[in-house]
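In order of appearance the chains are A, B, C and D, and numbering begins at 1 in each one.
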Amino acid sequence: ACGGSSDAGSTGSSSDSAASSGSSSSGEPFKVVVLSDGAANDQSWSNSVADGLNEIDPSLDVESDFVGPLTTADEYQQQGSSYASNGFDMILITNGGQTSAAVQIAEQFPDVTVCQGPISPTEDDLASFPSNFCAWNLKQQDGTFLAGVVAGLVTQTDVIGSVAGGEFPAVVRQPEGFILGARCVNPDVTIDIQYTGSFSDVGAAQAAAQTEIAGGADVLLSAVDSAVRGLYAAAEGAPRPTFVIPSYFDSYEQAPETVLTSVLYNLNGITADLIAKGAQGELGDADGGDEQYFNYDYANLNVGELADFHGNAAITPEIEAKLAEIEGKLRDGTITVPGEDGADMPLSENGAGSTIDPASIGC
Amino acid sequence: MVIRPPLALELIGITKRYGSFTANDSIDVRVEAGEVHVLLGENGAGKSTLLNTVYGHQRPDSGSILVNGREVAFASPADALAAGIGMVHQHFSLVDSFTVAQNVVLGDEPARGGLLQSAAAERAVQATADRVGWDFDVRRPVGELAVSGQQRVEILKLLHRGARILLLDEPTALLSPTEIDGLLETLDGLRASGCSIVLVTHKLREVTAIADHVTVIRHGQVRQVLGRGEFDEGVLAAAMTGRDRVEPAAVGAPAGGAVTAPRAVAPAGDVLLELSGVSARSDAGTPALQDLSLHVRAGEIVGLAGVEGNGQHELVEAIAGLRPVQSGRIALGGTDVTGWSPRRVRATGLGVVPADRRGWGVVPEMTLVENLALNEVAAGRDRRGGVLQWRAMRRRAQQLVSDYDIRPGNLDATAGSLSGGNMQKLVLARELSAGPRVVVASSPTWGLDVGAVEAVHDRIRAVRDAGTAVLLSSLDLDEVLALADRVLVIYRGRITLDVPRAELRDDGFALAMIGGSVAA
Amino acid sequence: MNTVVLATLLVIAIQLMAPVLWASLGEIVAERSGVLNIGTEGCLLLGAWASALVLSHGQSLFVALVAGIGVGVLTGGLLAVLYVWRRVDQIIGGIMVNLLALGLTTALWTLLRGDETSGNAPSLPIPLLSDIPVVGEALFDQNIFVYASIVAAVALFFVLQRTRWGLRLRAAGEAPAALDAAGVSVRRLRVSGLVVGSALAALGGTTLVLTSGAGSFVFDMSAGRGFIALGVVLLARWNPLLALLITAVFGLLQALQFQAQSIGWLSGVPTDVWIAAPYVVAIIAVAVAHGTRYPRAVGVAWTGH
Amino acid sequence: MENALRARALPVVGSVAMSAVLVVLLLLASGVNPFAAISALAQGAVGNAYSIGQTLTIATVLAFTGLAACVPFTAKLWNVGGEGQLYMGAVASVLTGLSLPDSLPSGVVVALAVVAGALGGAVWAMIPGLLTAFVGASEMIVSLLLNFVAITAASFVVTTVVPDSSGQGTQRLPRDTRLETIWPEGGVNISLVLVVLVVTAVAVLWRWSRFGFAVRAVGLGRDSARLAGFSTRSVTVSTFAVGGAAAGLGGAALVLGATGQLTLGLSADYGFIGVAVALVAGLRPLFILPSAVLFAALSVGSNNLQVAVGLPKDLGSVLVAVLVLALLATHVIRLRGRAS
């Protein structure tokens, strides 16, 4: 459902597909590998990233590969260098915790473009990155904000919940954006946020969700990646109709009864966009482009679009209308969801979403 | 011509090799129905190997086994049991936490659809016990029984399974004299009821008391077969060792018999080892030593007699600093060493010859050099500037190996590769050569053959004569009588008898060991 | 603490208990037979993987159950080859088996999974009893696999005490020489112990998939439960009923973590403290229960028949 | 020495060959050309300067964790907590590096951070050491369970105590307070020299010190050693301390290396693979180095499997496990004195 579908490509090589030196002038394809923290078919973050590989403009003659799940810094380094040594031109890392590993690969292989995210680098960080390195970020809170809008309208109990894995900024911003969105349309909503410390422990995720449900929550946002299964399990056994909003991938098929919608961050679009930029030599200041940091949000690349409701009865036409209105405001900048850094109240701080005044951001 | 009934068990040309070493070399044994047939031989002669082969633990390399005239081949003990052969091993094979009944029926449990019929099992076991005339509470956990009781359970197991041929490997090693007499009586009864018994023992007195036939094995080969009337202790000892004639006295004679006399004059040395009012607990937490007091003087061997499990282990461990003492005082050479670590206790001049030489005496996988240096290194000697002095250690090891005639004397071989006797010599070499003021020795000749026993006894007498105080604890009464200048009896963690060897009266002595009241 | 909170706590505790309980039961059987199975974590993971795999190809719950058990049996067979036949050291072998299971399930789930989806196994409210306030729901309205684990604990207790196999199994762990002398093959007993034990542990994985995983596999989803089980077994002194009790306590401890995040005055405690709590408690308990000795022959390979 | 080497190395080679056969069969079964896979593996491990560097870097860490297993194992004590000790070493090291004042010379900071790493691992390992020595707890279970506690503690430090902007790693140490790189390809740093020194030191201790003698004696004959006057308690505590210190150094080598930070998934089971390293080395300290290189090569090389032949890289740990199990099952590696 994402943009980027394009003209039928000619198979010939494009003259500017050379972001890197060496192998590229003679019609060699532009080779890129994605290193991610999940499997290509995890029906979550990595699945969405991997889907992006099929959406690359065919005219660019890109050859791609995908590796996941990778967990430790060493694995990223080893995989990265393995591909780099095998003549790949670009390495895209979709794990926010691996900046050091990514920078190291970039330093070791100056001819290869290395992109890593999601991160929100400081000015100092950006200055210290090598020239063949690029950072990317996605404004997840735009997406969970929209999910919050839906949740705020759907909830019967005025209590919503979120189960999250690790307690670090890239995760914290998700539930905080969620409650902010809900409060934007429903001032009475409160949230129960649980951190389980694991993205794979379905038992813990389920227990956390059950606790929230027992406390009255009837719409749950997942920030636990693959352990979202535990949330389905909890919602299925709930005493009242309870919905789950998974992330990254339209998960309707996984649990048609409980999935309200999914927050799609358009990771596929981001992936395709970054690779296209790479193939066209726009990445890294060494090759003429001077951008090192790409921050994707709802306004610029539909980051945070919600998946189809698949005819869910809880979604009334009024709700759809309200949602469309908020989407419009997000797109035109009337509403600006706070970022992760900022003087006032970064959204990656615990409790921010429940304390920021919705009116102050344009609701 | 008389038609003789087939032999109960006939072994023909049994050969068993371990690698290049031949443990059983074409051995023939003929066991008649209803007899007690003794296998006699030095340590390592191959007796246990032979029994294990018959019982299906291992297959012979060649040779055949006939039971009641029919050739058999056992792949496992189960086959042997099915053919009516049962074996009691040198080390018991009982499940301590199981009841007598459970132990007895194990492997042939009355069950319906996999469900145990406990009541039926208990009744059946009780019936078997009654048949032999043993009084058992079949519901009692075996771990709570005394050694002799456990031994009976072992035999009961075989009888219950219908075994008619019993293979008993050193069943008397752990028993008190009274218990041995009881066992011999039992065997006599079984023989009378038609069972055939193959008995392994090192104690010649038992052989003369019960054997119908004796097969003497040396170096894996049958040397002699003797029938009743053809042997006495001297003949047997000679046949075993291959020497002309061995004085039974050296082996240890019956209590009160002719023995090497203890020294005529009682030594008047200083008290070098003294325990006063010592109490300690066993591993299980039960009282093991209760207000125990004893002393040993310089130049004196004090023999500590007693039935297995009356606190001997704990006593040795308490002296060595391995077991915490709850109350009382232990003094070595006048120094109070109560509560000291083994290292400090050792430093005051204590040598220990433990009963279990493989487990407590040597480190089997270390070399002779390392084993001979064990104490010195532990004491922090044998090093200069923190660096171990291997050359000096080696030199001393070489010296000890030749002094104590440890064979084979390859310094770099592991101690575990030594035979039992040589392993014991190694322990003695280490413990006695440092000039200890006190030596505590537990069953120092346990399981050793006649020749080895002599060597060990000579060494112990030699240190005694050099002025060392020796506390000798032994399950073997004969040994205590052969060596001790003064005899103590330990019973339930207390010293119940303390008399000079010369004044010892046989009856009171034996009685004391099983807890009878004593008038010495 | 109000009754809703209490009821939730109990429901969650019991449901968190089930996979650990299965693993503990499996470990009890293995250790009773004289084999220390450090590979329990791997068995759990493999069981979860197999069940989820067949479910993802559209198979029924029953097939998933069979697949879980089947993989457990196969794993037990492999362990038997290693520990019983080849006498591989059990601690090292176990660590390697865990490594193997983690790599294998991750790689093969990626390669082989289907795309059918399924949900949890159904709950089974027991009439009347499940209406009792607070405890009713916790005890009598649970997933069928949760009940099954409890039944299995009771059954295993009975089997160990009252059956011929149980008696022999215990003998194999306590005094294999006695069993051998009685003409029973120690090896065969241990093989059966490993196969049954691994199958029970694998059922823990199946349970995880079908009570919490909504029928799906997640990489490393066992999350250390097999290791907790090792401690549980020690504390329970190889008694299945005690294991039931102890795993329930562990479940409660873990369940508290989530209440704590909701309850105001406890929310200041870092989440990590709660996550580490079951392990810390297990360590303390293992240290305090120092008198506990393994069945005498555990960890020692049998060299005879 | 030479004979010992040959006696040790020959069967290892034989069994490596045997498990190679096993793996080849596995590969054939999954439809992959085994030669392509194996050459990919070799390429990945030693194919170019960079991969050689990486292999050496990982080998350094594995040699440390191998030592962490080897030292207590020699006294027949099961330290399977190398993973947690590594993490605690990393935590101590990073916290020290970050908290020391800038005014200190960077060399001093690095040295103190390394020492802190060793101490962190040692202190953590003393928990099972002391509990075993004085309370009689099972050192195996305690050390195993402590891994989880350590990893959680490290995660707390990362996300809460000194997080960087992502919250998934600690703040980074300045470049001049990281370990000096001695070979830029693959970022091989001075910890390689350190591990060789440490391993050699242990080998020397084993042969020439009372401590080494005591550890071997206790390992090979606990009761005899006790009776001779060696203290099993002090051997228990000290072997765990030394082993923990080694694992802690492994953690320090990781965080003070190229990245200069502690991240959430710092170790790819290095603590557990260390157990295999120690075993394949036959518990002989010097053999730990080649053994660590072997496992590092397997693990680094297997990363090349996917790019070259399309096999999931997780098969790398499968490969390691199969190799070790094959070595164990063929009795090429055998624990001495394990029968009791």
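The rule is simple: a residue touches a chain if its C-beta (ideal position, glycine included) is under 8 Å from a C-beta of that chain, and two chains touch if they have at least 3 such contacts.
From a predicted model like this one, the values you see are computed outputs, not experimental measurements.
Looking at chain B and chain D, the chains that touch each of them are C.
Traced through touching neighbours, the fewest hops from chain A to chain B number 2. With B-C and C-D as the two chain pairs, more C-beta contacts join C-D. Of all chains, the one whose Cα centroid sits at the greatest distance from that of chain A is B.
Computed from the mean C-alpha positions, the centre of chain B lies at a distance of 45 Å from the centre of chain C.
Centroids of chain C and chain D (each the mean of its C-alpha atoms) stand 29 Å apart.
For this pair, chain A with chain C, the centres built from the Cα atoms lie 36 Å apart. With touch defined as above, residues shared between interfaces to two or more other chains in chain A number as follows: 167, 197. Among the residues of chain C, those touching two or more other chains are numbered 106, 110, 272, 275. None of the residues of chain B touches two or more other chains. Across the assembly, chains come into contact as A-C, A-D, B-C, B-D, C-D. Residue ranges of chain C in contact with chain B, taken from their complex: 162-165, 167-168, 170-171, 174-175, 177-185, 304-305. Residues of chain C touching chain A in their complex: 4-5, 7-8, 11-12, 15-16, 19, 106, 109-110, 113, 115, 117, 119-120, 123, 208, 211-216, 218-221, 223, 225, 254-255, 258-259, 261-262, 271-272, 275.
Within the complex, the chain A residues that touch chain D are 33, 65, 67, 70-75, 77-79, 81-83, 85-86, 88, 96-101, 104, 108, 119-122, 125, 166-170, 172, 197, 341, 348.
For chain C in complex with chain D, the residues that touch the partner chain are 38, 81-82, 86-89, 91-93, 95-100, 102-104, 106-107, 110-111, 224, 227-228, 230-231, 234, 270, 272-273, 275-276, 279-280, 282-283, 286-288, 290-291, 294, 300-301. The touching residues of chain D, counted against chain A in their complex, run 44, 47-48, 50-51, 54, 58, 152, 155, 158-160, 163, 165-169, 172, 185-187, 258-261, 263-268, 300, 303-304, 306-308, 313.
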